[in-house]
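There are two complexes below, and they share chain A, which is joined by chain B in the first and by chain C in the second.
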Partner chain A sequence: MAQEQRQPPSANVGIVIVSHSRKVAEGAADMVRQMVGDAVPLDFTGGNADGGLGTDVAAILAAIDRAWSPAGVAILVDLGGAETNSEMAIEMLAEDRRGRVVVCNAPIVEGAVIAATEASGGSPLDVVKRTAEELSPQ
Partner chain B sequence: MTEPPVTASAPLTNEVGLHARPSVKLTQLAKSFAATVEIALAPAGPWVDAKSPVKIMRVKAPKGAVLHFRAWGTDAAAAIGALADLVGRRFDEDASEGAGDG
Partner chain C sequence: MDEALRKRLIEAVARTVIANAEELTQLDRQIGDGDHGLNMKRGFEAVLETIEATAAKPLPDAVKAVGTTLVMKIGGASGPLYGTLFLALGKALPETPSVSILAEAFAAAVEAVKARGKSQEGQKTMLDVLVPVAAMLRASSGDGEDLIARIRATALESAEATRPMRAIRGRASFLGERSIGHVDPGARSSALMIAAVCDAVGG
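Up next is the complex of A and B:
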């Protein structure tokens, strides 16, 4: 289920969008591409294996792989299961990648745009995460 | 920051003002310089870090507002010039797709 074309390698932090809805995930990814551009690796996943609403650990793992960057990957999620399944996917990553993937506590659409904007300037993973999380209510 | 900053100001003439898309462009451009860059809606401030996408989006400057820039650092003059030019070009809004909604 290749949802994005293969992307050129980038030194910038990658962004993965995980929603219960494929349409939400795809729309958020469209906004990132149009507003921020192509300087960050980006991928998304949404819906369960049957095509209904939900999230799927294997699909999240594949999205992380497609958006992989040596600088790491920041994941933006919507509701509960998206977060727990993303955390499960992170635990299943190879050991050398596990420490370089984080889930951001930020609204999925705005967080994706802001995280990608920060990442496009070459900021490291912890700064990308922190900037996205500035959006959350204090 | 003991030396005086390089400063400039430019009116926002694009239709949507400093909304989401222009904010992204402004922070991306600011990040491409080493200088510390800040913007404000008045010469007296409050000044906002031009490299922070969250803070710049919160400025919500409308069309007609004047953006004030100040910067410190080795490439401060280049940064200020480039940012004022971006505002003067209306953030290339006419060229981008669906720019009407900001």
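Up next is the complex of A and C:
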């Protein structure tokens, strides 16, 4: 692949991984990096404010900010609270960003890898989300 | 509503949650991930840290401030759910609500929790306490002095009534049939908070 043809990282949809466990989030992010290198903005968060298992709205907001792309950000989550807290974080974003962040209903590891691969090709946010969600059992 | 009453109400709810954190954790250990008591305690300890500044605000802003703190500090799924309850309640309340206005505001807040959790009554969640309390509040608008006592009783009984239910939403739903026979921790914490408010306003 010709390096100069690749879009700058910030033009692609960003990926945020939100797990109850920092280790799970970090491990999933490692797998994404191995697949797509630095072609997509990527960040992760896991654990509650005390460092235990859980999710933290403030940390999710910070991760969205670090993975920000004008094309938007797709969030991959594990269990219920990660989803609810991610949705809460989206609502707390500035208005011009709020409509460009989505939570994907997909398995966290596989979803993150597939979503990032799709995003690395320059696909828009809705396509990235749909591709990840094709993994979900109906 | 004056500052002293606002402070008394916030303090009553926070202290009740903190005092019962161990029970909530025990319930959550049976059908969830065992963090409900600790998470709620962390959230309400943070509420207590800023209680003076919060109670000094007009009622809608004070309630919203509690909601924001809960969202940022609780951490589990209950953070956004209770946070949404308080944020939506604060949004719908005037500075000095009548019982009927309070009933409408509370009903709106409960609807917001349903939307946040994509859940309904009957799924073994906090909504199994919030929905009947909202209904009673609405039906009894302005009537009789026993309203507070009846709301208190309804909240506590409704939490107990989640025991035979099968969980459909939340972590307990992973257990399927095995979630039957345990009181839902979120229903219990909701009931404790409502009972604390009832006690503080003199039920």
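Basically, the second predicted complex is superposed on the first by the 129 of 138 C-alpha atoms of A that agree within 3 Å, B and C clash if a C-alpha of one lies under 4 Å from a C-alpha of the other, contacts with A are read in each partner's own complex, and residues count from 1 in each chain.
Methods note: a contact is a pair of C-beta atoms (placed from the backbone, for glycine too) under 8 Å apart; a residue touches a chain by one contact, two chains touch by 3 or more.
Remember, it's a predicted structure, so these values are computed and weren't measured experimentally.
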Message = Clash or fit: chain B against chain C, after overlaying the two structures on chain A?
response = fit
Query = Which of the two partners, first being chain B and second being chain C, lies in contact with A:L135: first, second, both, or neither?
reply = first
Request  = Kindly classify A:L93 by the partners it touches after superposition: chain B alone (first), chain C alone (second), both, or neither?
outcome  = neither
Ask   = Just chain B (first), just chain C (second), both, or neither: which does A:G122 touch?
value = first
Task = Determine, under the contact definition given at the top, whether A:V113 touches first (chain B), second (chain C), both, or neither.
result = first
Message = Contact-wise, after the overlay, does A:Q34 reach chain B, chain C, both or neither (first, second, both, neither)?
response = first
Ask   = Measuring by CA atoms in the overlay, how small does the chain B-chain C distance get, in Å?
value = 27
Request  = Report, in rising order, the residues of chain A that make contact with chain B in one complex and with chain C in the other.
outcome  = none
Inquiry  = Looking at the complex, which residues from chain A come into contact with chain C?
reply    = 48-50, 52-58, 79-81, 84-85, 87-88, 92
Query = In the complex of these two chains, what residues of chain A are touching chain B?
reply = 34-37, 113-114, 117-118, 120-123, 131, 134-135
Task = Please name which positions on chain B make contact with chain A in the complex.
result = 20-21, 24, 27-28, 31-32, 51-55, 57, 96-98
Remark   = The answer for chain C against chain A in the complex is residues 33, 35, 38-39, 42, 71-73, 75-81, 83-84, 116-117, 169-171
